[in-house]
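Two complexes are shown next, each including chain A; its partner changes from chain B in the first to chain C in the second.
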Partner chain A sequence: MTNDKLNKNQIEDVSKFFAPENKKKNVETPDGQIIEVNPLSDYFSEARPKVHEPNSSKVVETFLNWARAESLWVLGFGTGCGSIEIPPLLTPRFDAFRFGVQMRPTPRQSNVIIISGYLAVKTLKRVIRSYEQMQNPKYVLALGSCTINGGMYFDSYNTINRLDKYIPVDVYVAGCMPRPEALLAGFMKLKELIKAGKAENANKYVENFDEYKANQKKIIKDWNMPDYNW
Partner chain B sequence: MEIDFNKILFAIIGLIIVLNWGLLMSSIMRKIGARVAGRHGIPWFQPWVDLVKNYAIRSQITHGVMFYLGPVFRLSGGVGLFLFMPMIFGSDLWINFSFKGDIILILYFQFFGMLGMALGAGEGGQPHSFIGISRGLSQFTAIEVPMTLAVISLAVQYQTLSISDIVEAQQGGFMNWTIITNPFASIAAMLSLLGAFGHSPFNLVKAPNEIPIGPPTEYHGTYLGVLRTNAAILHVVEAVLFMNLFFGGAGSWLELIVKSFLIYFWSVFVGMVFPRFRIEQSVVWFLKVPLILGIIAIILL
Partner chain C sequence: MKNLIERLHIKYSLTDIVNQRDNFVYLTIRKENAIDLVTYLKDYEGFSHFVLLSCVDWIEDGKFQLSYFLNQPNKKFDIAIRTMIDRENAEMQSSHHLWKHIETYQRELREMYGINFPKNPRIEENFILEGWDEIPPMRREFDTKRYSEKTFFPREGRKTYDPATYMKDKLYPNAPITAKVNKKDE
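== the complex of A and B ==
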């Protein structure tokens, strides 16, 4: 199936799920002019994401990768039971600030998203939106067995089993639940990958964009958002 | 008109010193905060790494022209404040482009960056930005009232509107500093300084954990890098302004570093002790205590 065909079919399919404020409508301006507003094309991007190549100079790229690794800004997004393992990282006992790990409240400024545990289909939608709003380079850290194969929720009607079918994952931290030490070890592994220049999953997501979108739409039945929302 | 290249060169060197001192100061303050909480805290070089990381973000999006200009306005507010501020007293080279009556311009520049940022963040379209902006502007208006009263009191006391002249009048030992000779104006200004630095209890503009991060919610990558560069410069320059007005200025860079550190530490210290005010509480507070002190300072002269 080509991408164009997929998009067209999907738009026809999903328009019935659109919230009232997302539907096309005519609005009267204060001057009495009638203008057409289509929120999906007016407020969101219709451009496909682009691949952003690393810097061509190897020395520069190594230095920038070092800075990226030493300054990991984590999006405060908790899914499932693992999100309770994140707050202890900021306490005196574990103190992730030592390693340059800091929490950010907005996806725009974050580089790392932690998928902390099982992911309900409803949450997956929010994860995709948050992930796409993050800027390249961005990294995904998957916490717990649920993100690998579904864990104890492997036959649940409402949770996904394999996270990397929907967004590319950099580091898995196995366990049910992993302790904060394991999460810190995951951060160390992520730092190694970034410093070695191997954490280019943001570009991988763009290159395999159609595949990821097809997977996402297969599981999210009420797809009522644009295909790419930056 | 002649262009004095020497002066421009020294202004640029001064800006680099101020930027690096601002970054170091912020990391020291965060380190102190971590120690209070019983943690090790960030490495001392973390602000520089964050800055490089932000400038190295590969993809950038924009919401329009004003969104671009917001951080630029903010930076020009900070750099403008620096350019018209005499840094070292008695030196020809480190007084930048200060002139007679510069204090009026500096009061204006304090507001300039804020307004530019408000326009830029407004175009971002994020609701949290709007909340942050409305809070920031109302709080800053409340801060300006006691601050301006204190400055008027100083202008009457020293019969000048030039910062260099105010510093000169305070030379000859700490008994000549404004904080001793005009305590009411100084205390009113030092209390409004707490709001200008935006630490707790007056950090409701950015209010982490409440409205995600206020005005810069939509800013990322290079935009955020510019904003952080400006924050580092602005903190030092504001501290230097208060040092010049109330603490006798500085005769050398070492004195400047010690004094600006202590002035900045004053706001961090208060922030460590007190929890956050709501906006109506903070505005009312600024219009109560510091305002009355400012009026007393004017009446007593």
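== the complex of A and C ==
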């Protein structure tokens, strides 16, 4: 049972980084009581993420995988230069919609996140928050050589080198910068993987949760959010 | 404008004047008088536009060089005021009261070079980096490649082969690798 809850002490340690709205405070209830509220533990769930089990029937699971592959809802989140390559996808010229790919404004409504290019440590923090809020089953598409080995920013003090150490990646699209056609090819590859039942990296994230968190906390030094963002 | 530079030289005893172009001149001045000179140019000489504030790290001399770039829109004339400050406990008089956007430049210099500007608003807050606990990254003693290798996870490069050795092993395993050269030809 102890493993079921996240470590509270870790949250206490970093309280110096908290924004004012995240600090402990006293709140008056409608019937006049005064209670202490700790936003990080009271407003967010502390439960760990769970593995998304496949359906027991293989026929049903194959059907579900086909359905998932045909509706990829992409989070409109741009990091780095690749965010310029995404808007042309939605124009009539490339028309990603014919493959069942569409953009969504919030992580709660989407199941694919495109990491489009170099990722600063500051942005990685926002990516982790968005990724964890997305619905299962969810997929990560990494665009450009910066997400593979750092690309031309391999020696930068502020951009990560390997994305797969921080969040699990399903498909890499190499290039600097890949053209929208390459991105479409990446989507086709992702659909292939989903239909074959091989795009199970969201479960890998859950199984190796502590390892991923250790890697993330190694570089995000002002960790002022819950360990898992529901 | 030559007239102006001469007057400034008498008034502030400039240490160096470099005429970069017809309409652009670098003036070097001691640290104590730098903000006085910027204020004078703004108030009396019509240099109403503050272009930028930049910094150069002269690590060999133990100095930071601050440059205040000013523009005179009517006469289309630019002046850059340079001043050298010590690298140890670097500190400079704040000039955020002259133009509002100097505030942002000074916060950036504080974060990237560690230069303190007392009384600048929000100078202690994070500007771009979050939770940075190393030496400021734009200082030249900061080794960015070593930091990157230590902090992030560098991916090993791919295997490479020397073409000559590779071809020899593949095609002619028994042949010598270098052609014999006669001493006469040399």
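In this text, the second predicted complex is superposed on the first by the 216 of 230 C-alpha atoms of A that agree within 3 Å, B and C clash if a C-alpha of one lies under 4 Å from a C-alpha of the other, contacts with A are read in each partner's own complex, and residues count from 1 in each chain.
Convention: a residue touches a chain if its C-beta (ideal position, glycine included) is under 8 Å from a C-beta of that chain, and two chains touch if they have at least 3 such contacts.
Computed from a predicted structure; not experimentally measured.
Visitor: For A:Tyr157, select first, second, both or neither according to whether it touches chain B, chain C, the two together, or no partner.
Guide: Only chain C; A:Tyr157 stays clear of chain B.
Visitor: With both structures placed on chain A, which of the two partners, chain B or chain C, ends up touching more residues of chain A?
Guide: B
Visitor: So in the complex, the part of chain B that touches chain A is made up of which residues?
Guide: Its residues touching chain A are 34, 37-43, 46, 49-50, 52-53, 56-61, 125, 208-209, 212-213, 216-221, 224.
Visitor: Where on chain A does chain C make contact in their complex?
Guide: Chain A residues touching chain C: 17, 121-122, 125, 148-150, 154-158, 160-162, 165, 215, 218-222.
Visitor: Within their complex, state which residues of chain C touch chain A.
Guide: 128-134, 137, 142, 144-145, 147-149, 151-155
Visitor: Taking the touch rule as given, give the residues of chain A at its contact with chain B in the complex, in rising order.
Guide: 43, 45, 50, 52, 63-64, 67-68, 70-71, 73, 91-92, 95, 97-98, 100, 102, 104-106, 108-109, 111, 135-137, 230
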